[in-house]
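Order of writing sets the labels: A, B, C, D and E. Residues in every chain begin at 1.
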Amino acid sequence: MARKRVDLDRRTVLKGAAAGAAATIFAPNIVAAQSKVVRIGMPTILSGRVAQLGTSSRNAVQMEVEKINAAGGLAGRQIEMVIRDSKGQPQEAARVSRELVNSDGCEILLDAEASSGSFAVQEVAKDLGVLVMHTNSETSSLTADPKIRIPLAFRSCRQGIHDAVASGAYAAEIAKAKKLNRWGTCSPDYAYGRDNTQLFVEYLKHFYPQAEVTTEAWPKLFQPDYTEVITRVLQSKPQALYSALWGGDLTSWVDQANIYALFSQMEVFAINMADYTALTAVKNLPKGIHSATRYIKTYPATKANAEWGDAYRARFKEYPTNWSWENWVGINFIAEAAKKANSADGKKIAEAMRGLKIDCPFGTDGTVTMRADDQTVIGYAIGWGTTIPQEPYVPEVKGATWDTILQLEAEWKKRNNYT
Amino acid sequence: MNLAALTDCLTSASCLVTQTTSGLIIGMLLFLVAAGLTLIFGVLKVVNFTHGSFYMLGAYLALTVNGLTDSYFLAVLAAAAGVGLFALVFERFFMSKVYGSNVLMQLLVCYAFILILDDAVKIIWGPEFKSMGMATVFQKPPLFIAGGIVPVFYLFLIIVTLILSLVLWLIITRTKFGTVVRAAAVNPSMVSALGINTGLVYSGVFVLGGMLAGLAGGLAAPVRSLTAGMGFSILIESFIVTVIGGMGSIAGALLGSIMIGLVRSFGSIGFPLFVEGLMFLLMAIILILKPSGLLGKEG
Amino acid sequence: MMATRPNLVRDVAIAAVALIILLLLPYVWPSKMVNDLIIRVSAFALFATSLNLLVGYTGMVSFGHGMFFGFGAYAFGLSMQRLGVSIPMAFLITVVSSALLGLVVGAISIRLKDIYFSFITLAFQMLLYSTVIAWVPLTGGDQGLMGGIPRPPFLGIDLSIEAHRYAFAVTIMVIGLLILRQIVESPFGYTLRMIRDNSERATFLGINVFRAKLTAFVIAGVFGAIGGMVMALFVSGAYPEFVNWTMSGEGIFMIMLGGLSTFVGPAAGALILSLLNDVITRGTEHHGLFLGAVILLFALGLRKGVTDFVADWFRLRREASSRSGS
Amino acid sequence: MLEVKGLFKSFGGVAAISDVNIDFPTGSLTAIIGPNGAGKSTFFNLISGGLTPDAGSVTFNGTNLVGRSRAQIIDAGIGRAFQVARIFPTLTVEESLLGAVTAHRRRAQNITHRFPLPEMRDRMLEVADMLGLTEKLGVTSANLSHGDQKLLDIALALVLDPKVLLLDEPTAGMGPDERWRMIERVHELWECEKLTLIFIEHDMDIVFKIAPKISVLCYGRLLAEGTPDQIRTNPAVIEAYLGTSHEEAAV
Amino acid sequence: MSTSPIVRVAGLDVFYGKSQILFDVGLELKQGQTLALLGRNGAGKSATMKAIAGVAPPRRGTVEVAGTNVAGRPPHVIARTGIGFVPEDRQIFPEHTVEENLEIGAKKGPNGQDEWSLKRVFEVFPLLEPLRYRMGGRLSGGEQQMLAIARTLMGNPVVLLLDEPSEGLAPIVVARIGELLKTLRKTGATTLIAEQNMHFCLGVADDAVVIDKGAIVYRDTISGLKANEEVRRRYLAM
């Protein structure tokens, strides 16, 4: 079956490639603004080791665009998605984005890139003056830092600082109850891993000052063998361990830590564990790992959330990812704002989007809001729970309180001179 | 840098046991991949950049066979056999066409296969990362030796790889095939003049090297996440190992692997933020002192 | 019969014509996509041609040349972001620092022969890559230099304007290639060829092979870094991918694709590979499969670079005409 | 005068050259002969800096050359050509010779001018003319005939203005006519350039015809020295070359 | 003794790069015959041997072994037709023991002959037996020469090609090798010996061909050659 799909792919691909080349080289000036459709360019990662993130983003967007178009599109114009692979390389993301706008006539960019790519796309959007929705970059500074922020750029995904406050609060509560004072960390040695872990520790100590970090391990990103990292952690015998490892790195770390019986020797908080890709991949998932929710059907425990999860799974034969719901939010914000502005023009949509609140299965209270002052989404569901080895994987989720998050976020912004 | 922690570790039996076994396990799995790489280079003078992809293929084949038969041992055997077969096809129909031509052409053929295999794996097994799961035999609590923690599975892996190294050593030194292979590495034209088809010897070496890589992939599969592109980091580490040991020297590869394993395990105690750098540093120092590697021949 | 050798005047004239054509192109063919393509190709052309100074002219197969491309991008980006200097000053800093890097890496690597040289250059590149990824406060780690590279105007040139950026990139490329051309056609260029052909014999002519190789390595490093700088200006950032091994792999492929026996081969290869990449990624997410197949076709089928075919064709034609003439 | 005294060199414990003492007066022409493996090429390598002796001295006009770099030995005036022509296959004859002149005049690192520097031409043309390569200047070295490659190899040594020229089997692998042409050139060279010439040769007809003095090496030792007539009748030399008579007797 | 030749070489032209080394070389070897190929250094003896063995294939010409033309085939194919080649510089595998060197050469002959074993080799070459575990690289020149011959014999060749077996060896050792070849000759071996040392061939060979400047210039019995002062002086002596 897989083979058949390949053949089909290849044929369409060849046609597509030829047509694309011809279109771009011989007719570079497509004036899309006058056409009936509105093109939205979507650079994302469709190949390489994290390709699944990109394909799951594309899937979610496709599902939503069908609905939006059925309901009239953007102010009467049908959406046409132009989705391109950046291979996860920022310079390719920049190139592809420029090309999407300059020669494919895209009027809006839906940036489904990892953080590195997002900053590159942000630069392109700044240069070309188009509306961009960052759907996956969790790096706080992208929208929080006024030096980087631009008026036409929005973010529809979780943000590092929100996660950190929620995590700190949850971990502190467990620590208090179980007297977990000696902590270790084990996170990938790159920007996300470092920022995430540093902020977590900060808020853990904020809520539970007795906690101290006695050991740190920083494996490389995509490191295949974590043995030395695991034994290093075991040597220092912390009572609890925090990890920001994710994806395949997390699962191989879990597999390798498992045979050292690490999970029976300390409480483990792995923020990215409760993501279906990781949960379903690990064959011998240890019971009782604490994790924040990425996307999980059980939280928010609403019918809308469960229905969306089931629909996605029924259609694509796989679980949605964290990136799927974030793209859902991104495309729906664009659609709602266009409805409000009654225009498909980027600047008008941007105007309408600031402060907009929309209904959303992934909101804590059934809605999410695009905060006006820094153009990033708030009110989405964040929670923590512990794992069990089979469905529903994380049966009980304790939701974070947004009031605390927003208050501490404001203080954090002040400290960083972001206001 | 944390030298105090390192001295503490070196004087504590439990830490020594844990870190030494962890160093050995890192090293021995690396050795299986590096041994094939160095063997192929030694005999054919070809750098097989696809060796990491062989390892990846081994892991995926093991995953599939494990899923079908639920037997880790069959899975490992199938990985070795399957990759050996693939190596044969690769050598006969592609690599052998660029022997004796520009090194860059050989590099390009390998580069092409790295790209193709990564995509092929994604098409066949899907883009998401996979995990094979531990065989029930090894789902046991780790052993505690002198206070140090030694997982049962790793003990098994160390023993198996040691046995494999021994078998490899016996093949190379005690069998006619091995004797011919060593001779072909030194003087292929004389070997040919004695009536031996060197082309077949080359294929044999490629197959043996491929089987080792496949075996390593299969053996490690329960503790690795399987994903397209997983071969590359192992390839780079194998290069470091073979260069340290001397290109073409299997004993050198063993020495290099164990050194790298120990540098990683003890380095992570003493220099937790510089483990990677430590490996490169070790390589640079060794190459500066001995430009052809520890056991390499002066070229 | 003396072979006619290209003289400086002729090369300058060709460069001037090429530059004028490139500068006029946006007026004749106003496509932003073509502009973007040419800017990227400018960066890669400098990168590939400088690599060919090592591989093609000196016979030093470096697997780590991407190190300089990435280093140039970061050195330039960081000078602009952190030091707030002018663009010419940042350019100077980039050139000097990459020369120093070339000197240190070269002094260690050149002692090694053949495949060992290749690997140690690759190792240095991977070390730099690891450093870039891990040194988050300076480099931004995997996210690259964030927030864009400032592009303050200088000498009436404002690189935040696309047209200026385009003109700047092609001018740098043409001048850079002209300088590299001068180097390979200088006495030093012929010293390098002699080392490539027979370095043992070269020492018996009194040539200091180590010194010549080191000089070549530093020069190649500097021009590789300038290529990286052009790329950093274009994407307004610097990314770890620039320092990754794939960059070196692509550089080698550009050389092979374009042909390493002609001076413009690598630049032609840069153009072809960029086009190929754009077309393939546009059409499929399985670009590894397609690019791999193209590379295989090339390596097992053509076995020669595109400009090699052109050069052969010219030679055959010349020989045929001289034969019929005599 | 080039004086070799007490020269020793061994490889892995096997002596390749042991206790060789030979003087080469200025302007002399000497042939070195000896069976295969006698150490003739090693001897040349030791004089020209290709190898460093284990013991002994090589003195040229009063200065000891042992331990000097190749470049210094070249500057002192020792030039050599090789048994298998060592040339630059992708360069033309002209380019190779010009490159050698450039290197010799310390302009190898020059990047500001175009190759070739005009002042290098005369010497190149002079040497090309001397060795009869003028017609072949534009030919790529790899495409030269075997004999011309050997001539180019000698020319590469000659452009460096040597005072002593070492030729390792200048006629190796040549056809009969080519061989004599080559040796005539070599002889002419010796006469015109006032060189001290030392050459290794297997062809005894040639050796006896042109060499006023012959040194015979055998198993790394100097077996005999003398005029052609002395060598021809030396019993030790005959034995070394033709085998002992007892083999014949044993039949 | 059969009269039809086992090896018939005709019209060999060999080039190294652009220069022609052999011109129309031809020779024949009959069963049980020992033929000496004599000539001075560089006359083309090795080139002839290598062309027959396929190590340096000829550009033109035929090499018939038992009626089949093998010119241009890979060396191992030619070796399997029964051509046993002992190269000039012996090419012992230096880091293999004597026994391993022999083992590499071991194979059955083209018609399944399996006369040579380690045991038989050590009978014929008693000097090698005590050296059996010594590394090839640590043997003396004479020992290496014996090993090289023995190694080729292990492959049960129909014809033995010996390229300058006496070269670089001390006279006493040369004598020993000579004795050995005589022993082999008595066993009915067919051998082509390239030599510059005529005296060495006198008791060993039946017939001789003289090669000079890449062409065969003289053919006779070995005793005929010995008697021909003129030819000897012209092509072989100093």
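We adopt the following convention: a residue touches a chain if its C-beta (ideal position, glycine included) is under 8 Å from a C-beta of that chain, and two chains touch if they have at least 3 such contacts.
Keep in mind the model is a prediction, meaning the values are calculated, not measured.
Graph distance from chain A to chain B, where chains that touch are one step apart, equals 1. Ranking all chains by how far their C-alpha centres lie from the centre of chain D, first place goes to A.
Across D-E and A-C, it is A-C that has more C-beta pairs touching.
Chain centre most remote from that of chain C: E (centre = mean of CA atoms). Separating the centre of chain B from that of chain E, both taken as means of CA atoms, is a distance of 44 Å. Each chain gets a centre from the mean of its Cα atoms; for chain A and chain E, those two points are 76 Å apart.
Separation between the centroids of chain B and chain C, computed from CA atoms only, is 34 Å.
Distance between chain centres (mean CA atoms), chain B to chain D: 50 Å.
Residues of chain E in contact with two or more other chains: none.
Residues of chain C in contact with two or more other chains: 130, 134, 286-288.
Residues of chain B in contact with two or more other chains: 119, 122-123, 273, 276.
If you check each pair of chains against the touch rule, the ones that pass are A-B, A-C, B-C, B-E, C-D, D-E. Chain B meets chain A in the complex at residues 9, 15, 18-19, 22-23, 25-26, 29, 119, 122-124, 126-134, 138-139, 141-142, 149, 151-154, 220, 222-230, 233-234, 264-265, 267-269, 272-273, 275-276. Only residues 55, 61, 108, 111-116, 118-120, 122-124, 126-127, 130-131, 134, 245, 249, 252-253, 255-256, 286-289, 291-293, 295-296, 298-300, 303 of chain C touch chain B when the two sit together in their complex.
Partner chain C is touched in their complex by these residues of chain D: 48, 50, 70-71, 74-75, 80, 82, 86-92, 94-96, 98-100, 102-104, 107-117, 137-138, 156-157, 160. Put simply, chain B touches chain E in their complex at residues 176, 179-180, 182-183, 186-187, 189-198.
Taken in their complex, chain A has these residues touching chain B: 2, 6, 47-49, 51-52, 55, 189, 216-218, 220, 222-225, 227-232, 234-235, 247-249, 251-252, 255-256, 258-261, 277, 281-284, 318.
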